[in-house]
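Multiple structures follow.
Below, chain A partners chain B and then partners chain C, in two separate complexes.
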Partner chain A sequence: METQSRFINAVQVVEFQGRLDAHQGKQVDQKLSEVRNASNQTVVNLSKVHFIDSTGLSVLVKGVKHQREQNGDLVLCELQQPVRIIFELTRLDRMFQIYSTEREAVQAFQ
Partner chain B sequence: MDYSLLTAVVDLHDTVLSELAAAWIDAGAQALYLTDHAGAIIGQWPSRHMAVCSAASVAIQLNGECIGHLHLCGEMTSALLARLASDARWLSEIVRMEYDLEKMTADLIDQQDQLMALHQLAQTTRVDNDIQQNLTDLARIASQLLKTEDAFMVLQTDREAPLPVMYPLRAWWKELWPVLLNEMERTPEKKQWLLHQHDPFLTKLGLPIRNLLVKKLVVRPGIWLILGVANKIGGDFHAPDLKLFSTIAEPAGANLENAILHREILDQTRIQTEMELAKQVQMRLLPQHTPQLLGIELAAQSCPAFQVGGDSYDFIVSQGDLLTFTLSDVSGKGMPAALLMTMLRTVLRGKAVEMTTAAPEELLRITNESLYDDFSEVNMFATVFIGQYDYARHLLYYANDGHAPVIYRSVAGPAVLLPADAPPLGVLPINLAERQVLAFQPGDLLVITSDGFNEAERKDEEMFGYERLLQLVDQFATLPATELMKNMFAAIQDFSGGHPQSDDQTLLILRRMQFNESSS
Partner chain C sequence: MQKHKLRIGIVTTYPPGAGSLNEYAFHFVHALEQKQEVAEIILLVDELPPGQRYDQPDLNQLHKGVEGSTGTGEAPVAVAPLRFVPCWRFNSSLNSWRILRAVQQCKLDVVLFNIQFASFGDRKIPAALGLMTPALLRLFGVPTVALLHNIMETVDLKNAGFNYNPLIEKLIRLIGWLVTSIVLRANLVAVTIPKYVEILEKRYGAQNVLLAPHGSFASEAMPPSFDLPQGPLQIMTFGKFGTYKRVETLVEAFHLLQTKHDTALELVIAGTDSPNAPNYLENVAKQYANVPNIRYTGYVREEDVPHIFGEAAAVVFPYTSTTGSSGVLHQAGEYGKAVVLPRIGDLAELISEEGYTGEFFEPNSPQSLADAIGYIIDDPERRIEMGRQNYLAAQGLPLLEVVDWYLLHIESLLKK
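Let's turn to the complex of A and B:
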């Protein structure tokens, strides 16, 4: 899985690519715990993720729980339609702050 | 020098020596006799002659060293002396040949021993699967073959602690092997070490080791064998020892690999058996029969992707004409999911059996309270759908913690997805699920599947998806529930076209019968 991460105004932005599923779960988890160490404010850009399964969701849930324990947050942005549907159907959209653009997501922390 | 050789020659060649003496006596000599290196008589002809009058004696030599004398009694001339000297040389030659023969025999016996030991080496791992015993046997054989006082093995893997063995076991072994491992790690490119007496490394070690020969070989990626011998009996290691050591190392490594493979197969079989038992337990925890209730049809089935899985469904009929049914899917797969699924089932069932009025959201709230900490601890969650069907009034009460897809189809159609109203169980400490209610008309249908249905994949990674699932329900909506279930499983299997099932697939169907249908 290809990942990219960058700092924007003390907010750590992570971008995953492809499928966030059982095969990639460990790698995604590792990446998220790396960025957690750097900042308690994480934006996960899902613009290049076309599929997410329950393992992928559980890794993001772990991430958001951890950041909130640290008085921070993990927010999502730029969800593709199939991924958005999964968040809506499972009502995980009530758990996460979801933004349409990365800029909005970063600004939410300011 | 072996001084007993001359005595052996006298014994072995008694007849020839007697004939030699007879020729001398015929020629006028009184007697002929032989003494060893210390002067003791070891042969005399005629046998009863008191050999005290040596007129002449000539030395018998082996490899330039005097090992005895040939003596003659009687008158002596220079010609006779020359003949005696010639006989002595002839005797020396016989002794030398005997010496060579003995040496060759000893070599042959050695080689035979080596062959036997190598054969033993080849047999070692076939009869015993105890790796430690195998290593000890290999060390014993190495010490026999290389004629050393000590031999040892260390099996090193990248996953487990090293396994060191020594034959015979010495008190200083526990000091030696960590040093060796350290040294090997320090110089990973080095495959063999030969250390002679007074080597600084040995001196620094300060252990009773005169000389040391160690080899490191890769049994297979991730597994190394360190094979060593120390304290060569009667000297030092030479070129033939190094060659023999290599000859031993290879089959030792191969045999050890077999033993490891054998152990792995046994472990694998044990795990498979345990998994099979776990599967049977899990299957038994699913309802063995679907309840038969007036006016409704039920069907349910679960197919885990692996032997055990995180999907589960349940039916609980309680007082007050209430049927509680649940379908849950724990995130992740295999054994971790199966363990949590068992906990979830127990809590849900325990609470549901006590209920006489429908309150599915309450059931979810209590279950989330009981399990939230445990689920959070292992970073997992479960999507749970709870339906409570009042089969006297035909009202379906339900609450849904993050489960999808849930499909409702009124008799007129089309099939639609009923979204969840709260995130999955274990995600939030409080539960947000609310009670929903649907009045069920004759022919209305509820189909709940786990995501193993919509996420079923073809070879080209195209997923079955929600749209196809809804179409499928519309297509077979009028069939009896069990037929609809069979058709749905068959459609998923057709779609996957042999692509392996990667997630658990579970299906639960509730259908209110039409008035003209009768309960089966």
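Let's turn to the complex of A and C:
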């Protein structure tokens, strides 16, 4: 899985690409763990993720729990339709702050 | 700022109680008690038969928590104390009121229900009345989350232990529709199969249903050994039998296998009668007294489960219908076992969606089942490969992570 991360105004933005599934779960978890150490404000850009399964969701759940425990948050942006459907099916769309664009997501922390 | 910790009630069966879903409850609770958001878990369980009792933790530890392992390789964490409150009885019509009274006395933040359609009884009225409990509690201001392991629409009533008559079936389905509508009065209803969400939303207009993974019972244990013990190859089935889990076809398939194989074989029927089918296994044992090398283990204690699964060459699911995602499949995966499954609805879906693999057989066909078992026991490499894939699938999402989903939903629910 390809990942990119960058800081925008003290907000850590991380971008995954491809499938967020059981095979990639550990790698994604590790990446989010690194990101968490750098900031308690995380934006996960899912614009290039076209598939997510329960393991992928679980990694994000773990991430959001951790950030909120640190009085921060992990928010999501630019969900593709297949990914959005899974979030709706699990009602996790109501547990995360989800934004249409990365810019909006970053601004939410300002 | 210190976060408010939750006092969570769970209406469920629980070992040593032998009611359905007791094993799932055991693992779910074990995962939940390790979460730091949880102050106390109160298990609102069914009353045990005389001579049995729940393993009530030491009262001194009740208030200070005990150390446990997270199962994730992290440092041990304080484990939330457990308390048992036996407050309902299988087939009693008073369960709803008794549970309500217990919940009011316990002052809980939220109550979870670990239930299926026959959780509260095999007689229709007590079963239906019991299923009204989530709605009743909500009416009294208690937030409720029901984990519903099956839904009426996918139950084959004939095979699930109800007498078959088309008129009675229609009536039962109507009652089922009403009861489901009432269960959906819980604040949230979690199901483990995507199709269930679709059915509940379309047929009932439900907007409070969510998909939650069943979760595996595995912690981060060492990968299992795929070696088998010396002695006969064991073909094992595990569960509560007599309704939709019936062993007649399996015993007949085993008989066929024994006549065709030189290898010594043993059929291990691990578990007890379903509460809905008393004396079922005793009758099977009498009916097939002429088939040698069958071992009936009776109730399998939690500490004996690894042994039973570990020695099996194949785990067979002799289901005639499915009423939900199978905990036994996740267990088989945890122990790296090859599995043999019927070619019917939910199991096939679960297999493909969660990464498991298995040999399939036509339900009610001993020959088809014997062939499917034969493919596994005749080919050790295939058996090991299947076991390895199932082990990886079972490692996918442990219950320890699934309970985080529930906690997130509960926190959101309580904020409203």
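FYI, the second predicted complex is superposed on the first by the 110 of 110 C-alpha atoms of A that agree within 3 Å, B and C clash if a C-alpha of one lies under 4 Å from a C-alpha of the other, contacts with A are read in each partner's own complex, and residues count from 1 in each chain.
Just so we're on the same page, a residue touches a chain if its C-beta (ideal position, glycine included) is under 8 Å from a C-beta of that chain, and two chains touch if they have at least 3 such contacts.
The structure displayed is predicted, hence computed values, not measured ones.
Chemist: With the two complexes overlaid on their shared chain, look at chain A and say whether chain B and chain C clash or fit.
Modeler: clash
Chemist: A:10 in the overlay: touching chain B, chain C, both, or neither? Say first, second, both or neither.
Modeler: neither
Chemist: In the superposed arrangement, which partner chain does A:61 touch: chain B (first), chain C (second), both, or neither?
Modeler: In the superposed model, A:61 contacts both chain B and chain C.
Chemist: Touching A:94, do we find chain B (first), chain C (second), both, or neither?
Modeler: both
Chemist: Going by the contact rule set out at the top, does A:51 touch chain B (first), chain C (second), both, or neither?
Modeler: First partner only.
Chemist: By the touch definition at the top of the document, which applies to A:38: first (chain B), second (chain C), both, or neither?
Modeler: neither
Chemist: In the superposed model, where does chain B crash into chain C, at 2-10, 254-262 or 326-334?
Modeler: For chain B, the listed stretch overlapping chain C after superposition is 326-334.
Chemist: Following superposition on chain A, which residues of chain A contact chain B and also contact chain C?
Modeler: 22, 25, 54-55, 57-58, 61-62, 65, 89-92, 94-95
Chemist: Give every residue of chain B touching chain A within the complex, in rising order.
Modeler: Residues 329, 331-333, 376, 379-381, 383, 400-405, 417, 419-424, 427-428, 432, 451, 455, 463, 466, 502-503 of chain B touch chain A in their complex.
Chemist: For chain C, which residues are in contact with chain A within the complex?
Modeler: So the residues of chain C in touch with chain A come to 3, 188, 194, 197, 210-213, 354-355, 392-393, 396-397, 401-402, 404-405, 407-409, 412.
Chemist: Within the complex, which stretch of chain A touches chain B?
Modeler: Going through chain A, the ones touching chain B are 22, 25, 51, 53-55, 57-59, 61-62, 65, 85-86, 88-92, 94-95.
Chemist: What residues on chain A touch chain C, complex-wise?
Modeler: Per the stated touch rule, the residues are 22, 25, 54-55, 57-58, 61-62, 64-65, 69, 89-92, 94-95.
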